[in-house]
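Structure in structure tokens, see below.
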Amino acid sequence: MVRIDTELLSNRRVAEGYFELRFRWPAAGRPAPGQFLTVRAREGSDPLLRRPFAFASHDGTRDEATIVIQERGSATRALATLEAEAKLDLLGPLGHGFAFPERGTEPVLVAGGIGVGPMLFLRAALEAAGTKSRFVLGARTAALVPEALLPRGAGVEVRTDDGSLGAKGTAADAVTALLPEARAALYACGPAPLMAALDRIATERGWPYQAAVEEWMACGVGACMGCAVPLKSGGFLRACADGPVLDGRLVKWD
Amino acid sequence: MVRIDTELLSNRRVAEGYFELRFRWPAAGRPAPGQFLTVRAREGSDPLLRRPFAFASHDGTRDEATIVIQERGSATRALATLEAEAKLDLLGPLGHGFAFPERGTEPVLVAGGIGVGPMLFLRAALEAAGTKSRFVLGARTAALVPEALLPRGAGVEVRTDDGSLGAKGTAADAVTALLPEARAALYACGPAPLMAALDRIATERGWPYQAAVEEWMACGVGACMGCAVPLKSGGFLRACADGPVLDGRLVKWD
Amino acid sequence: MGLNDATRAPGGAERDPFAPDLSVRIGPLVLPNPVGVASGTFGYGEEYAALLDTDALGAIYTKAVTVEPRAGNPAPRLAETPAGLLNSIGLANPGLETFVRDKLPALRARRCRTIVNVAGATVDDYVRVVEGIEASGGVDGYELNVSCPNVKSGGMAFGTDPRLVALVTESVRRATKRALVVKLSPNVTDIAETAHAAEDAGADAVSAINTLVGMAIDVKARRPRLAMKTGGLSGPAVKPVGVAAVYRVSRAVKIPVIGLGGIMTAGDALEYLLAGADAVQVGTATFVEPDAALRVLEGIEAWMRENRVARVADIKNLLEE
Amino acid sequence: MGLNDATRAPGGAERDPFAPDLSVRIGPLVLPNPVGVASGTFGYGEEYAALLDTDALGAIYTKAVTVEPRAGNPAPRLAETPAGLLNSIGLANPGLETFVRDKLPALRARRCRTIVNVAGATVDDYVRVVEGIEASGGVDGYELNVSCPNVKSGGMAFGTDPRLVALVTESVRRATKRALVVKLSPNVTDIAETAHAAEDAGADAVSAINTLVGMAIDVKARRPRLAMKTGGLSGPAVKPVGVAAVYRVSRAVKIPVIGLGGIMTAGDALEYLLAGADAVQVGTATFVEPDAALRVLEGIEAWMRENRVARVADIKNLLEE
């Protein structure tokens, strides 16, 4: 974990309201897919808190990394307008990333909306390790699909709610369409309804399911107990320090 | 009085921490020297309030005006970094400006530090009306003198506390050096000690003294009673609506 | 560059058959819409008249009026804090007589409802102000500012003692049949108690919140920023405190609750309305954007259209708990 | 790009013959410097250890410890508000037994002073936690969090009733001779009363302020942002309220006052010290900048050098009134 003042290398719009920020990132802080960083979007008290974003890629040879962000409120709006050479106050990598799939299982990566960042990173890491994976991206509509970022090659599917790109339907539909007897290992990041749907599929079919969760965060390092993720068994885990990657079958999604 | 979203035309550094902002300003809002505007430095709550700045010039033929600002805190820092074409949320002209000197009096314009803006505007307006004036600028040191903005021509003097530009001394010293029997009309904007010193001179010599005051402001239009300027006679005037130009001999300066 | 059309009427010209009812009832008074401007931030309605159409407001709550003229507190009276404003204006006002003679006629000439904010050091002061205005023909209503320090009870504000709140409300109630609003102080252990006291004593509504006690220090000068040392905190910083207060008060009393504190946008106002308010006031925001109250009103109306909410009073029932 | 050297010791290597004394006495305890990290924002000292030198802190005030383990409140527990943070963590903690077994040894291994924040639903709960820790060898001191709702007195917080504050302070006082700090709630009519009660009952110091009651509503979802509806407001937004509270409390009691609420910078801390605090705590700021407390400390020391102030306790005498 490092806290650095680093430099933005580029900022490009990759879909409607989606931006890819590329920045210098030191070797000392090598991130794993699923891990995240927090950024102070600007000086002063508006916004006040650091904001968490998942790593979307890391290039260890060039000391660069990226995040993909969606404009939602004041922090993401400020980040979206930053230009190359802007300073970035970053803290990371934080939390626990995805574990690689067990031998004999086929990794199925599911990204819902802005959940795409960590899944892209995982896809690249699996590929680098010689592991093939399926990649399903679900979005509301074509304009919200960051096509330039999508992995090339086989096994990449897009679903949109309105059918404007890829087949009409949700990412969960695509997963349901897989053969029940496949030995899939689910990996996902996306909105709660998607995560819950995958939970049902995974539980039914006995598939492992690694879910990257999102919760409001204050500290990002496990100190404040603010980012509680409720478990089906009762009790909570901290999204930041126990997650963000958790066993999706244990999480209470609603 | 108009509230407009206007465009910054240029922003240039004119001394250490001093910037001249030039912007479009509509004919409907013709300002008089001594009047001011308020600006919302940026969206959001940091800083929260609009900030007051005196008009430093107005060009009615080109629909342009300027202010000269000094970086002090969050609002002026934000304004100092704005670039041409930035949007500016402005409200003005506000308050009452300077009255022209009575016939037979010689206007002596005294600017202390960042008080220079309104005095420059007054000098230009007097000149346009064919009225000669003396102009004295006092600053701590040469670096804080916006030389590019200083009026050309006779009767312009600079005083610095450390003697690094012009004679060593204060702007009040320069005024004291005037002949007591001169029929001077003092006009001033600057820090309280300067304003108080001019008050003593004006009172002693029976000179009229129009002082542009500064007070913390919330509304800028006379509604909140926040910008109270204490009077020697007891009671208060509102800097924004009764001033900012007040009879300097009535104000309690300490 | 374009002049802001601050005077545009809310609602607009599009013909949507669904027209939400924006009116709000406060005792005998019907406000045309729920968005007023808060006491002390809008003078007596004159200063901002050039910048927005005051007739479009739900109500003007005036700067406090006291029996005698008051010059107000020593300067400085203002200090900005993070997302907040500290003030110690100190009830600067021309006094009852001048108010009735110079300010009231102009206020009456506006189409907008006027609620006069009343302050004093004793119960009798409040009664005298209200009687004085009633004698001159009255206004639409009164808002009792019970948050100023009360000499008789040792400098504690009226508004922190339920018995004093009851006493002042009761006494003013006898002096007027018009809409009577009691403005609650948030500087209490339990705001529901003072709200109850006001309701039982005959108030038609309560408004919450007045400012929080706060202080800021100029470290360089080693002096309090305000000449009075402490002052009242307003602005976005206090919004969560105000919303919590309105939530609590609206569950404790049956009379309408007027919510305020840090409302900058329609979203902020809707927080208050969802929390249980029947109307709102916009204060500090007007300093930032003179037409803030009208933008808030437009936003509330748009939201009601979008969500097919028929009456303002229905909004509070939409909070899922 | 450069790694922030968050572990740099305050002061630095330059030899200035003037060396201000940063130490602060709280009853029997001497803190090496006035800047601690606030309860609930620093866990039990482990999580942030990679990001700053915890040994350089004046003290770690731990997350609250209760007798039994607590899972905490339902999620969501956090909401950002203008310049503020609302939380409803709900005293999530491993409970006394696990704390003593798993957390305390690591805390003791640090050179930094540790003050355990103690909470409970009854007076007996507080006493049991302190006795349990004392029995295991103790820590440097205790801070009583009396702001949590008390079942016995109808859900009102202990901290709002001076008699309950006195009772819990007195009872804990009998259980320990170590530094005993009572943390005051700002949600009261007069914080001087609870401060007095704590002092009279034997507290070595009071700390102020805990969080303000606040609420935020998600207008789109029409739901309170926090699952518990209301929560505690912290951060810059509350700083003026905290400074006013410390100003008042420090003039009401003779024991040291520890100031907190919205301290982000050394300037903010100096506001508290000038207002009358003897020490400060940094809470929410640590979330924003993990090394905030150490930057605050550096800034205080630099200011003391520049202004030739010999001891922290002298700062409060510099306020010109």
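Think of it as A, B, C and D in the order they're written, each chain with its own count starting at 1.
Criterion: a residue touches a chain if its C-beta (ideal position, glycine included) is under 8 Å from a C-beta of that chain, and two chains touch if they have at least 3 such contacts.
Computed from a predicted model, the values in this text were never measured in an experiment.
Student: Among the other chains, which touch chain A and chain D together?
Tutor: In this structure, the chains that contact chain D and also chain A are B, C.
Student: Based on CA centres, what chain would you say lies at the far end from chain A?
Tutor: The most distant chain relative to chain A turns out to be B.
Student: If you average the Cα atoms of chain C and of chain D to get two centres, how far apart are those centres in Å?
Tutor: The mean C-alpha positions of chain C and chain D differ by 35 Å.
Student: With chain centres taken as the means of their Cα atoms, state the distance from chain B to chain D in Å.
Tutor: 46
Student: Centroid of chain A to centroid of chain B, CA atoms only: how many Å?
Tutor: The answer is 54 Å.
Student: Considering chain B alone, which of its residues make contact with at least two other chains?
Tutor: Counting only residues that touch two or more other chains, chain B contributes 45-46.
Student: Going by the contact rule already set, what residues in chain D reach two or more other chains?
Tutor: Residue numbers touching two or more other chains: 82-84, 235-237.
Student: What graph shape do the protein chains here make by touch: line, ring, star, complete or other?
Tutor: Chain contacts: complete, every pair touches.
Student: Considering only the defined contacts, which chain D positions touch chain C in the complex?
Tutor: 81-84, 86, 156, 160, 187-190, 212-217, 219, 221-224, 229-230, 233, 235-241, 243-244, 247, 262, 267, 270-271, 274-275, 303, 318-321
Student: List the residues on chain B that touch chain A in their complex, please.
Tutor: 44-46, 74
Student: Show me the residue ranges of chain D that touch chain A in the complex, using the header's touch definition.
Tutor: 1-4, 6, 40-43, 47-48, 50-51, 63, 71-80, 82-85, 87, 89, 92, 235-237, 264, 284, 286-291
Student: Name, in rising order, each residue of chain D that touches chain B in their complex.
Tutor: Those in contact with chain B are residues 82-83.
Student: Can you name the residues of chain A that touch chain D in the complex?
Tutor: The contact residues of chain A facing chain D are 1-7, 24, 26, 28, 40, 45-50, 91, 215-230, 234-236, 241.
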